[in-house]
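Quick notes on the structure that follows.
In this document, chain identifiers A, B, C, D and E correspond to the written order of the chains, with residue numbering beginning at 1 in each.
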Amino acid sequence: MTGHVLSWTTFFPLIGMAVILAMPRNRPNLIKWTAAAASAVPLVLSVWIFVNFDRGEAGLQFVERVPWIRAFNIEYFMGIDGLSVPMVILTALLSFLCMFASWNINKMVKGYFALFLLLETGMMGVFCALDFFLFFVFWEVMLLPMYFLIGIWGGPRREYAAIKFFLYTLLGSVLMLLSMIALYLMHDPHTFDMTRLWTEYGVYGRTFQLIVYVALFIGFAIKVPVFPFHTWLPDAHVEAPTAISVILAGVLLKMGIYGMLRISYPILPVATVYFAYGLAVLGVINILYGALCAMAQKDLKKLVAYSSISHMGYCLLGMAALTPAGMNGAVLQMFNHGTTTAMLFLLVGVIYDRAHHRDIEGFGGLATQMPVYTGIVTVAFFASLGLPGLSGFISEALVFLGAFPVFQTLTIIAVIGIVLTAGYILWTLQRMFLGTLNEKYKSLPDINGRELFTLVPLAIIVIVLGVWPMPVLDLMRRSLGWIAEMAQRV
Amino acid sequence: MIPLQGYLVIAAVLFVLGLFCVMTRRNAVTILMGIELILNSANVNFIAFARYCAPDIQGHVFAIFVIIMAAAEAAIALAIVLNLYKRINSIDVDEVDMMRG
Amino acid sequence: MSDEIRLGVFLGFGMITLVSGAVVALARTIIYSVFALLFTFFGVAGLYVLLHADFLAATQVMIYVGGILVLLLFGVMLTHKIATVQLRSASMQRGPAALICGGLLALLLYVIFKTPWPVKELGPATPTVQRIGRYLMTDYLLAFEVISVLLFAVLVGAALMARRETNR
Amino acid sequence: MATNMPADMVTSLVLILLLPLAGFAIQMFFGTRLPRKGDWLSTGLIGISLVLGIVMFIRTLGVFDAGYARQVHWPWIDIGGFRVGMGILFDNLTAVMLMVVGIVSFLVHLFSIGYLHGDVRYSRYFGYLGIFSFSMLGLVLCDNLLALYVFWELVGLSSYLLIGHWFEKKSASDAAKKAFLTTRIGDVGMFIGIMILYAKLGTFRFDEIFAAVADGEIGGSLLTWAGVGLFCGAIGKSAQFPLHVWLPDAMEGPTPVSALIHAATMVAAGVYMVGRLFLLFTPEALLVIAYIGLITAVMAASIAIVQTDIKKALAYSTISQLGYMITALGVGGYTAGLFHLMTHAFFKALLFLGSGSVIHAVHSQEMPDMGGLRKKMPVTFWTFLVATLAISGVPGLSGFFSKDMILGASLAFGMEHSSHLIIFLLLLVTAGVTAFYMFRVVFLTFLGRPRDEERYAHAHESPAVMTIPLTVLAVLAVGSAWGGWFQALVVKPELGQYRTAAVAPAVPGGEHGEAHAGEHHEAVHDETTIPDALHADPEGHETHVAGGDHADHGAAHRAHQIAMITSILAAGLGILLAWLFYGRRLFSAETVRRRLAAVHLLLSKKYYFDEIYAVGVVGTTLWVSRAARAFDTHVVDGAVNGTAWRARGFSWFIGLFDNTVIDGMVNGVAGTVTAWGRQFRRIQTGKIQNYLLGLVAVALILAFVRLVRGF
Amino acid sequence: MEGLEQLGTYLVLDILPSIRWFVPEIILFAGFTLAIFADLTTDKPGATRSAWVALGSLVAALAATIAGMGAALPEGLGGLSLFRGAVVFDPLANFFKVLFLVATILVVILILRSRDFGLRKMGELHALLLVVAAGLCLMASSTHLLLLYLSLEMVSYVSYVLVGYVKEDRRASEAGLKYVLFGSVSSGAMIFGLSILYGLTGEMNLTKIGAALAVSPGTEPAVLVASFLVMAGIGYKIAAVPFHFWCPDVYEGAPTPLTAFLSVAPKAAGFAMLARVTIHLFGQAGSLLAIDWPLVMAVFSALTMTLGNVIAVQQSNVKRLLAYSSIAHAGYLLMGLACVDRATGTLSERGLFGVLFYLVVYLFMNLGAFAVVIALREKVSDEEEIDSYRGIGPRAPLLGVAMAIFLFSLTGLPPLAGFVGKFFLFAAVIEAELYWLAVVGILNSVISLYYYARILKAMYLERVDETGEAPPLRLAPSHSVLLVVLAAPTVLLGIFWAPLAGLVQRSVGFLF
């Protein structure tokens, strides 16, 4: 069992899906509990991985390698290192919590949970795959369920948002397909095995590296999303059901950056260094543009979507600096943003279930009516504006301290971003929670047990990592150092 | 002595005439005639090459087969045309545009 | 026959074929086209004779003129009421079609005169029927069988299309 | 300095720090369920911290050594290339600050029990007080820049929570938001300063930074920028000149909060920081600090004169006094500035609590409604009077000693650098104005005839739980400065102490030259964009940074005496004028207001800062964000999915932008695809002729292309 | 007399051994006649006897072909030429034969289950299908100019009849007419091209012509014109742009099973013939590059893809949409044939491999899509508008999931077979350095997602009535089985396609 822990973590939800499909349609509760169980197992396994992961080792661990298609030496090659462990844990945790967050789905329950488990398998696979072909297959497997989940269970303009999401991501992934094939053909015994692509990076010329880097970058940038390619995110978030937008923001946005760190950085070092400044500029644009747009939003979910764009900008800036603090800051920011935004979306879901609208102006004075809910929202909001003592600050500080030696002016402009973030968050907090209670919501019940169950673990993580971030940082520092060193080979 | 190019020119002109007829006539039967012209031009080509260039008269055999095929094709085409005629009382190709876009 | 006479006959048959071909393409009424087609077939048969393709000329006359032309004539007659014999089938888009065909013709002529055709010295005219027969039974045996099946299928198809649906 | 702190000291300091935090945690979760909603718990816990603080203070008093310092350090984040630790630095300054924060916080807890009796969120209020105390104590105890920044922001958070305690009032939630955002702007500058230092020196710890400065590893303009950056944090937190606007609005919070935060502790954090990091400020930086402080002092004092709301008046007085302290540090008066910090903490806390008890009694903050409360509230009156005397610098009280030292230092600085004499003069004037407006408050509130009979009727003395803190603070306001213990303990640090490398004294001209050598060997090319406006005086007069040149010690002494005399005169003049205007009503304030109407309007409108910021900073950001949103939905989104989206009913600018730019780009990528589709579809006419025509035409074109190219 | 002995020896030496390898086609011809007679013996309207005869002979032919595949064959281009060079028996031809037979079997099953034909006598239909199957096998294996023409015409003439089979449906007759006229003109042009080739070399066998052309300089313009005219004939069969005009109308007019058949089998045969002509005719090194073949083919491919996809976006009729999608897929396949191996100057092995692999995958997913259209024929308000599919997904889960699998596979999304097929084509194109074509290819697959997803959107996302669940749709058990039979390979080949890759490699490897 321990030999194939990754395969079990990745494919157990698939077994869950099969079981659910076999179930009768008229037993929603049974289906929901099986789905929860099916996603509980990967969570337990990921905790086991976290415990057994060797912090001293920079290289790959828990490796599984089975030839899949010998003719094109494509292999079922799974393995994780410091970079993917936090992501695996994040995916397992958020999926498990989202099962409970989607408890009040009543339309086509079987379809919903089956697709959700398929989505979890896809996500887990992306973070564990080390064969580029396998990586690409998992990358695309995620698209199908996502399209239907947004399309069928979403809000009023769900079809438009679903097809827009699908088209954007598909365009990105076909570009990735071309670059994958180009890389595949350049090596003498054609290979998809990333470890070999890393070591034999000398095979490519400079212009080849630049072109492939740009193609891959567009593919990943659409996923992150980076400034010009971000327009699908607000629509997808607003229309997706609560649990799906949690997964979308919590995990899917991280895949873009994970992809760049896993593929573009080690394989195309010359291009990485060449485009580092450009990446930093895009990062800063993301930070400021995201914050500014968020400030002008009326819909709470759209505001959180734009705040995600702004937060991912920090990751880009940190990553572009290639310094240890910057890289670790970027990956820690991915993890922290995952937990914080998950909380935010869950909280939006809670209020939406009660008031059936998300217009910020429509609320007022909720603090008196729903004190516990307001407490948790305050923790989430202050974590996302980077208040020290909560996890957001640690990663933002690391990013800034890492990026400053390399890009002085850019980092200074980026630091201004924290004021804008504080601005729109406090303004939202004031409009929704402070002031006199809007009489329409006299009877709004406070947060209930189930919702608390999904939120409390995340709140604990946010606070604990804010005070003592070493458990997560310890995981990733050697691998990120190794990736940074690889990215700077000439 | 008649040069090979003479026959080829005739064949080419016949081919083009056939094509022109096919493109400009609106009556299905006339189009069939155009097709016959094209097939004839091909046959002239074959026979001319059999005579001037080819080592043996395989061209003739080909021409024979083409003639047979032309007959078969005329049969099929007319059958379909007549069938359509029964449906819409006209074989004016312009009106045959119910499916478009 | 002497060369001049052969050349004269060649030009004669050539002219007949092309003129009647033009009439087929351009004639306003369909009946003129059908008869012009008759002369085209005869012109082509004449060319075959000049090219010492005696069997072919006979086949041409029998099948084309005897078979296909009659078939087309039936086609024409059946699809138009006798009263409107001089049916005007207006031609369409003559301009662009002429342009295209002219271009194609130029292209073909360019090819005809430019390419070095592997012309061999012309042997005496020999009866071709026996050699055709030999080919049919040796190299083209497969084609022979295949076309027989094809004709059978075409017969079935044509009958199918033409028959009146009785057992509704 | 290695970690040389004895174990028992470590435990007690950690206890001092964590007890209030425990209080906060318990109150937040179980507050409402505790008896009396847990106010006794919080007060008790802060009480224990105070006792421990006093023990530590007595211990340092016992050692009585200026250079006394103990430190302990633990690793926190270690990711190979980046190492950060957390630690406690305990020296005389820390001891004093522990004492000040502890006392004021404890007394405010006591006062609040009475003041907030029956408040709907009573237990949560005490929770917030707990987290504030924790953050303030942390800020004072920490030994490195990053920890300083962490506690700095936590203090900002607790002030946000406390100001917004009565969040039902929109003005309260606005004030809280404004406070947090303004201080955050300051924090941006501070973080930039920290980044510069870390990028250059690779460490956050104070001692290591001072050592590096001493060894000359960093210097000249880079160190100045770092210094100015860090000072920005102080500008934000201590409500100095450009970022002072949030403090007056913060009066929306409950009065004990104002007393604790906006008088004694939080606002003092900026001064403490400048004190703590004194050694890394280059002369240019010190000048910037001095002038900022000066402008703040003068401006705030002038506004305080015309205030009618008692708490607003005290708020502006606090800003002015803070300006005093900052200027003191700027001119090199290290001990003077920090001394004034301590004394001001006591009497300003007293003033605020006094005003609190008045408001509690009269249920209004407007001075016109008060008057003649002397008889009704004797204890409050006398304690208030003591504090006013102290703040005006009447000899004998604590205020006199600290303010006098500041004036002395600034005069000495002025005498040495004649171009900066203006500092002393303006400070002198401000001292007078301070005395004037403080006594104006006393006259208007306690003396004279009661102006509002109905309120006066049911005015009554505050209960014991509120008056006891007043008396304790009164005692401290009087006696805390006696005995000169402070001057002995808190002495200006020298760079020499930190010089590790055995650098031969032949360093050209000792510190003297260092400022000029200005070796710009910083590896990092810095084109930081801190506006030059802040940089007051370019040609960098060096002050006698380090002590030791005893030649002109006598001059300092003489300056001190002159300053003392002039300060007493100024105070007396101020009190006299106040008495004339409001006591005897010889001149009527009314006529002065009418004749100087323009000036009065300017002052009462607080130099229109709020309006400028509202339109300038807030207005433009909101407008830019709306433009970004419009840009995002129309151009980026529109261009990409090509929907012909009409921006109907949008502001004229967006409309104009919309018609000109977007129409041009409306058929974006997806748009062209559907448009092509429509065109191509038309050629599918369904007529056979066109098909054949199409076939041959395209084939022909291809053929010609090939022929022309091929041969 | 001596002619007779000579004839006898020829019969014994040449004909008998050739017949041994010609068994599948012979079975089909026999089956054709048997089916006709079987139909004559019954006069019940919906009799399916002839269908079983057809199925029997198809299965027999398939068995014979598979048996033949095992035989050891001489290496090199020629393979085993039968009937004195008329037809060739090589792994490539066998691969295609298997493909055609499988396709025809599936279509016959589709016809059995479909309601398109009403209660008319079906005997002729099954018989003629057998003839078409034989014609297709011939198309794949003929290397003689005449055989090329005959096999092409055999398939075309019979399909004209099949398309117009439902006589009383006006659209069917109209489709028939268009098909005939267009087909005849194209084949006429093709013969003219063939005559030029014959004139240039005096040979009838493709390999011999290729060899002769290589040694005769200065014939490039003639060869180019000839190959264009031949391309007209084959292009019409593949429905490549600019010879695609007939395709949408015929696909819409013809009965759905026939449309399915036309969109798969003849198209594959067209590619087989195109490959055969290119390999044999331009086999010699550098001859392809002489006439700049990669550019010509690349332009054809790009035109076909883009036009197919772009117009498909506009369609609201499912059959017309699938017609344009099949044009687009012809474009993707042409990409494979545009790849020329820089080193040897001949068709690149990876390109041909890609084409063959994609054809198999295309067979399953395309037939699958049509099978769904057929299954829904009388369940939905009859005509094939996309809007009439609204809300079908939840009501018929198996059908919905199957359609999702087919459409996503047609788009080329991984775990499904379509992706693997496209992956090989793109790999070939990139290896042949036609980067711009690769970019056009991927943009097209993105556009294609739009219209494939529209069908799924209608089925799943749009709901007819916001109120409760509509009554679930019951499908005939045979339809469900058929859908599973078609969906399984589409998914399986996406996950584990080593065996198919091995088969394709064997049938292509011998050429290079």
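Just so it is clear, a residue touches a chain if its C-beta (ideal position, glycine included) is under 8 Å from a C-beta of that chain, and two chains touch if they have at least 3 such contacts.
From a predicted model like this one, the values you see are computed outputs, not experimental measurements.
No other pair of chains shares as many C-beta contacts as B-C. Farthest chain from subunit E (centres taken as the mean of C-alpha atoms): D.
At the far end from subunit B, in terms of centres built from Cα atoms, lies D.
Of all chains present, the one whose mean CA position sits nearest the global mean of protein CA atoms is A. Between subunit B and subunit C, the centres computed from C-alpha atoms are 7 Å apart. Between the CA-based centres of subunit A and subunit B the separation comes to 66 Å, rounded to the whole angstrom.
A separation of 72 Å divides the Cα centre of subunit A from that of subunit C. Work out the mean CA point of subunit C and of subunit D, and you get 103 Å between them.
Under the contact definition stated at the top, the residues of subunit A that touch 2 or more other chains are 167.
In subunit C, the residues touching two or more other chains are 92-93, 97, 100, 104, 107-108, 110, 117-118, 139-140, 143, 147, 150, 154, 157-158, 161. For subunit E, residues that reach two or more other chains under the stated contact definition are 146, 150, 153, 157, 160-161, 164, 167-168, 177-178, 181, 185, 196, 199-200, 202, 204, 221, 225, 248-249, 314, 450.
Residues 1-2, 4-10, 12-21, 23-30, 32-34, 36-37, 40, 43-44, 47-53, 55-58, 60-61, 63-65, 67-72, 74-76, 78-83, 85, 91-92, 94 of subunit B are the ones that touch subunit C when the two sit in their complex. The part of subunit A that touches subunit E in the complex is made up of residues 68-72, 108, 111, 136-137, 139-141, 143-144, 147-148, 151-152, 158-159, 162-163, 166-167, 170-171, 174-175, 177-178, 181-182, 184-185.
Residues 3, 7, 10, 14-15, 18, 22, 29, 32-33, 36, 43, 45, 82-87, 120-121, 124, 127-128, 131, 134-135, 138, 144, 146-147, 150-151, 153-154, 157-158, 160-161, 164-165, 167-168, 196, 199-202, 204, 216, 218-219, 221-222, 225 of subunit E touch subunit C in their complex.
Looking at the complex, you find that subunit D touches subunit A at residues 28, 76-82, 146, 149-151, 153-154, 157, 160, 164, 167-168, 170, 172-174, 177, 180-181, 184-185, 187-188, 191-192, 195-196, 198-199, 524-529, 621-622, 624-626, 628-629, 632, 636-637, 640-641, 670.
Per the touch definition, subunit B reaches subunit E in the complex via residues 8, 11, 15, 18-19, 22, 28, 31-32, 34-35, 38-39, 41-42, 45-46, 48-49, 53-56, 58-59, 61-62, 65-66, 69, 72-73, 76-77, 79-81, 83-84, 87-88, 91, 93, 96, 98-101.
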